[in-house]
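Chain lettering (A, B, C and D) follows the sequence in which the chains are written, and residue indices restart at 1 in each chain.
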Amino acid sequence: MCRFLAYRGEPIFLADLVCAPAHSLVHQSLHAVEAKTGTNGDGFGIGWYGERPEPGIYREVRPAWSDENLRSLCDQVRSGLFFAHVRASTGTSTTRANCHPFAHGRHLFMHNGQIGGYARIKRRLEALIPDDLYDGRLGTTDSEAIFLAALASGLKDDPVAAMARTLKLVRGLMNEAGIEEPLRFTAAVTDGDSLWAYRWACDGKPPTLYFREENGSLLVVSEPIDDKDRGWQEVPKGCTLVASAKGGIEVQCLNEAMNRLAA
Amino acid sequence: MCRFLAYRGEPIFLADLVCAPAHSLVHQSLHAVEAKTGTNGDGFGIGWYGERPEPGIYREVRPAWSDENLRSLCDQVRSGLFFAHVRASTGTSTTRANCHPFAHGRHLFMHNGQIGGYARIKRRLEALIPDDLYDGRLGTTDSEAIFLAALASGLKDDPVAAMARTLKLVRGLMNEAGIEEPLRFTAAVTDGDSLWAYRWACDGKPPTLYFREENGSLLVVSEPIDDKDRGWQEVPKGCTLVASAKGGIEVQCLNEAMNRLAA
Amino acid sequence: MCRFLAYRGEPIFLADLVCAPAHSLVHQSLHAVEAKTGTNGDGFGIGWYGERPEPGIYREVRPAWSDENLRSLCDQVRSGLFFAHVRASTGTSTTRANCHPFAHGRHLFMHNGQIGGYARIKRRLEALIPDDLYDGRLGTTDSEAIFLAALASGLKDDPVAAMARTLKLVRGLMNEAGIEEPLRFTAAVTDGDSLWAYRWACDGKPPTLYFREENGSLLVVSEPIDDKDRGWQEVPKGCTLVASAKGGIEVQCLNEAMNRLAA
Amino acid sequence: MCRFLAYRGEPIFLADLVCAPAHSLVHQSLHAVEAKTGTNGDGFGIGWYGERPEPGIYREVRPAWSDENLRSLCDQVRSGLFFAHVRASTGTSTTRANCHPFAHGRHLFMHNGQIGGYARIKRRLEALIPDDLYDGRLGTTDSEAIFLAALASGLKDDPVAAMARTLKLVRGLMNEAGIEEPLRFTAAVTDGDSLWAYRWACDGKPPTLYFREENGSLLVVSEPIDDKDRGWQEVPKGCTLVASAKGGIEVQCLNEAMNRLAA
């Protein structure tokens, strides 16, 4: 279980959300509250959009709480759209390439959750990723594999349907392999303009996911970074929060998208 | 606040104590019980005596719980005298050179505690270390400075009196600087044969320290690595556990040694 | 292009070969002579057999020349069979999991060379590795993929034929993908008793490989670690050096094994 | 011996100088031409001024050539004043805190050179640094010590005279200690507006230092990053290049400043 944060709005310094708040992400790297694991010390990463079409990425294997570089970057970098993630590994090793967010072209992806029995379907899952995307697989995590599989399933064109297809596909592989552990998936995706945040689990127990709108900005978090009663709304289970480039925010039903596929 | 473990006895694999027990040191790096900080993820180190007069040292900046090298080493290395330490920094940066144990010739030293207001006396403390010892200062911690100051105060010849002198000296610098934060010091020293473990604080609140004798072996820990009722004895506050090369174990009064100096 | 060293014989301290000689492997990490790349600073690793059936492994992403832990370990660890490797990446990232040697059960493998156009066949190569072996794929290199594919091809039972089959298989994938860059492969394998060292390339230009026998010990290196005229023999191109557990050393023709497969 | 680069002018992406040119600093980390050591793989750092008064800092212990984070940052960060440095250690360990540039408030400092016999005067040199500055000593290098000593000598007010005083002071300590190895010092300092680059050695053999003016921008380098005949001028030995905030560039005599002190 990991912790993450996504921001879209007026450009602000990353430090304002990543380092400063009482329950900032850096704080959560040492003391998460709603996570199964209180410590998220298996690496971290930030991804942000600046003047280039592609996002900047800084990922490290050390815990976020002691990384001087992270503090300095967050103090300097101002961005209107950024992701930040602190990692608690579910088995794969602590390398930079296994830290979130993952980037592909203009896209960023980060994940909190787990493919149950991943080791038993890893190779088959990877085999479904086309060569041109697979070349971008730099690490070995289930999270990165889901991201690349989702890109292959049309993430750029229809992010909700594509993710539904991907989760269905992963579930299929799990069923074939007789895996009983659940697939739990809370994640965020952006193409540099719009933002999608998913919350789904095959056993109805997806990790927590919250958002807050304030003065035209949107903040999406795995757990509140300040007082719980300060306007945080839960993303309902089985749903996707869609914040389109034009600014409108709506909650779509991911379950429904999956059911349509099943039919 | 850090956690540590020292072993002397029949040669055993380090893994038997560092990795295997329910509350092993690796476990404590993520979940310490009696520490003020539950997570000790700011680097770690092991030091052990093998065929050479000087001990081997492995120190890393990553958390112990995710370090594959540590697991492999502890599985391979068998030793009759070794130290292991997981670090929770009290301010200095997370570098290998700031991780315990510290080595000097045949000696090893590790520490749990803190010099209150260290920044205000650091330079003066360092100025007291002779050049030949100061050349061995590789990091910037208060712990390493105490070790080198203790070596300068005669640690090799009279480990209890020398440490009493050193603590007195540090207290003197703190007083001169008007520092009100306490000096707390729980530490272990070995010369490759004998072992000393100190527990002292100027405010009567030194970090915990336990030991257990079993079939001729001695285990000294900052907190029990298995059930608390399995023969663990507390080292009393203000005392030093002395396990001499010949095998005898006794508890000496460190306070008394300090009082003698005061007189 | 990397540099490596394998030793089998009377137990010696690793430092005697890895750190001490004029052209030791640590020296070669900064100044290799016969390598296309003079600097091998993209991580390193050692693997050695001690009291356990499985070898110990220490791998790090920093250059070997500045790693204090490596120096300390090589000073302490004495072994009758060990591998050491300094890495110059051919494209994959610098993570511990991408450093050699790779371990599987009792086996160690290390490699100097490259699968030309690896990115274009990576997924297909991985798809050939059975799930139980694939679960042991911790990194993303071509080297580790060859090792696992070779294990799947019977490396444990017939190391020469299995490697011939594996190289043939990789060549087949390269041909299918229309890859024109060569496959070059100089590698060493051990099961903890016997040792095999391969030198082969599809374009007749495999990386260098030397060995020296001395007082019953065998040393295999990518380039001499001391004066070239001190008894070093070249492993001929297209050949495998076989040092069986019983001590006999012979050079077998790998090309022939491959030709038999072609027939 | 290290390699470095300083830029002041129209805001540009750091990548344009640090990563892109044929002999970019990243290239020099692996293949320096004019350095005594061809490889500068003992860590690196960048410092840049953005929207904050204080500069941003990114320092890492890995070689610059393989650091994905460095590439991404240099692609994203645009600045009108920045420093970049690749390190070849002269003895102190490879930690982030020992990597250049060093920061203090608005100031940045980086260095190529060495205090001969540093170990023998380290403690005395440190003792000359006032406590408030010494608290900012995070590492153990001679370079950082010179920087802090120069700040204590008035670097903020009169950078040329203060550096002359500091070098004189260091020479004094070296003479007292009977050190025969030379003091060689090529360095750059900025306060966020103006820039100073020093080239001096007690034996008349300071490391190389070049600069180029182009369309109102100034580039200072330890060796040219593109063709040597493209307008590079050498900073003469014993001189300081002064680029004041108003834009004028002049070369001042550091030797003279030192002689005045001697009088």
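Assume a contact is a pair of C-beta atoms (placed from the backbone, for glycine too) under 8 Å apart; a residue touches a chain by one contact, two chains touch by 3 or more.
Quantities reported herein were computed from a predicted structural model and do not represent experimental measurements.
Participant: Once the contact rule is applied, which chains count as partners of both chain A and chain D?
Facilitator: Common contact partners of chain A and chain D, which must touch each of the two, are B, C.
Participant: Look at the interfaces A-C and A-B and say which one is made up of more C-beta pairs in contact.
Facilitator: A-C
Participant: Tell me whether chain B and chain D, two copies of the same sequence, contact each other through the same residue numbers or different ones, using over half shared as the line for same.
Facilitator: Comparing the two copies, chain B and chain D contact each other through largely the same residue numbers, since over half are shared.
Participant: If you average the CA atoms of chain A and of chain B, how far apart do the two points sit, in angstrom?
Facilitator: Averaging C-alpha atoms per chain gives centres 41 Å apart.
Participant: So how far apart, in whole Å, are chain A and chain C when each is placed at the average of its C-alpha atoms?
Facilitator: The separation of the two C-alpha centroids amounts to 38 Å.
Participant: Could you pull out the residues of chain C that touch at least 2 other chains?
Facilitator: Where chain C meets two or more other chains at a single residue, that happens at 68, 93, 96.
Participant: Based on the touch definition given at the start, go ahead and assign the chain network to line, ring, star, complete or other.
Facilitator: complete
Participant: Show me the residue ranges of chain A that touch chain B in the complex, using the header's touch definition.
Facilitator: So the residues of chain A touching chain B come out as 30, 38-39, 41-42, 61-63, 65-66, 68, 89, 93-94.
Participant: Considering only the defined contacts, which chain D positions touch chain B in the complex?
Facilitator: The touching residues are 93, 95-97, 119-120, 122-123, 126-127, 129, 131, 134-135, 137-140.
Participant: Which of the residues in chain C come into contact with chain B in the complex?
Facilitator: 48, 50-52, 54, 56-60, 68-69, 72-73, 75-78, 96
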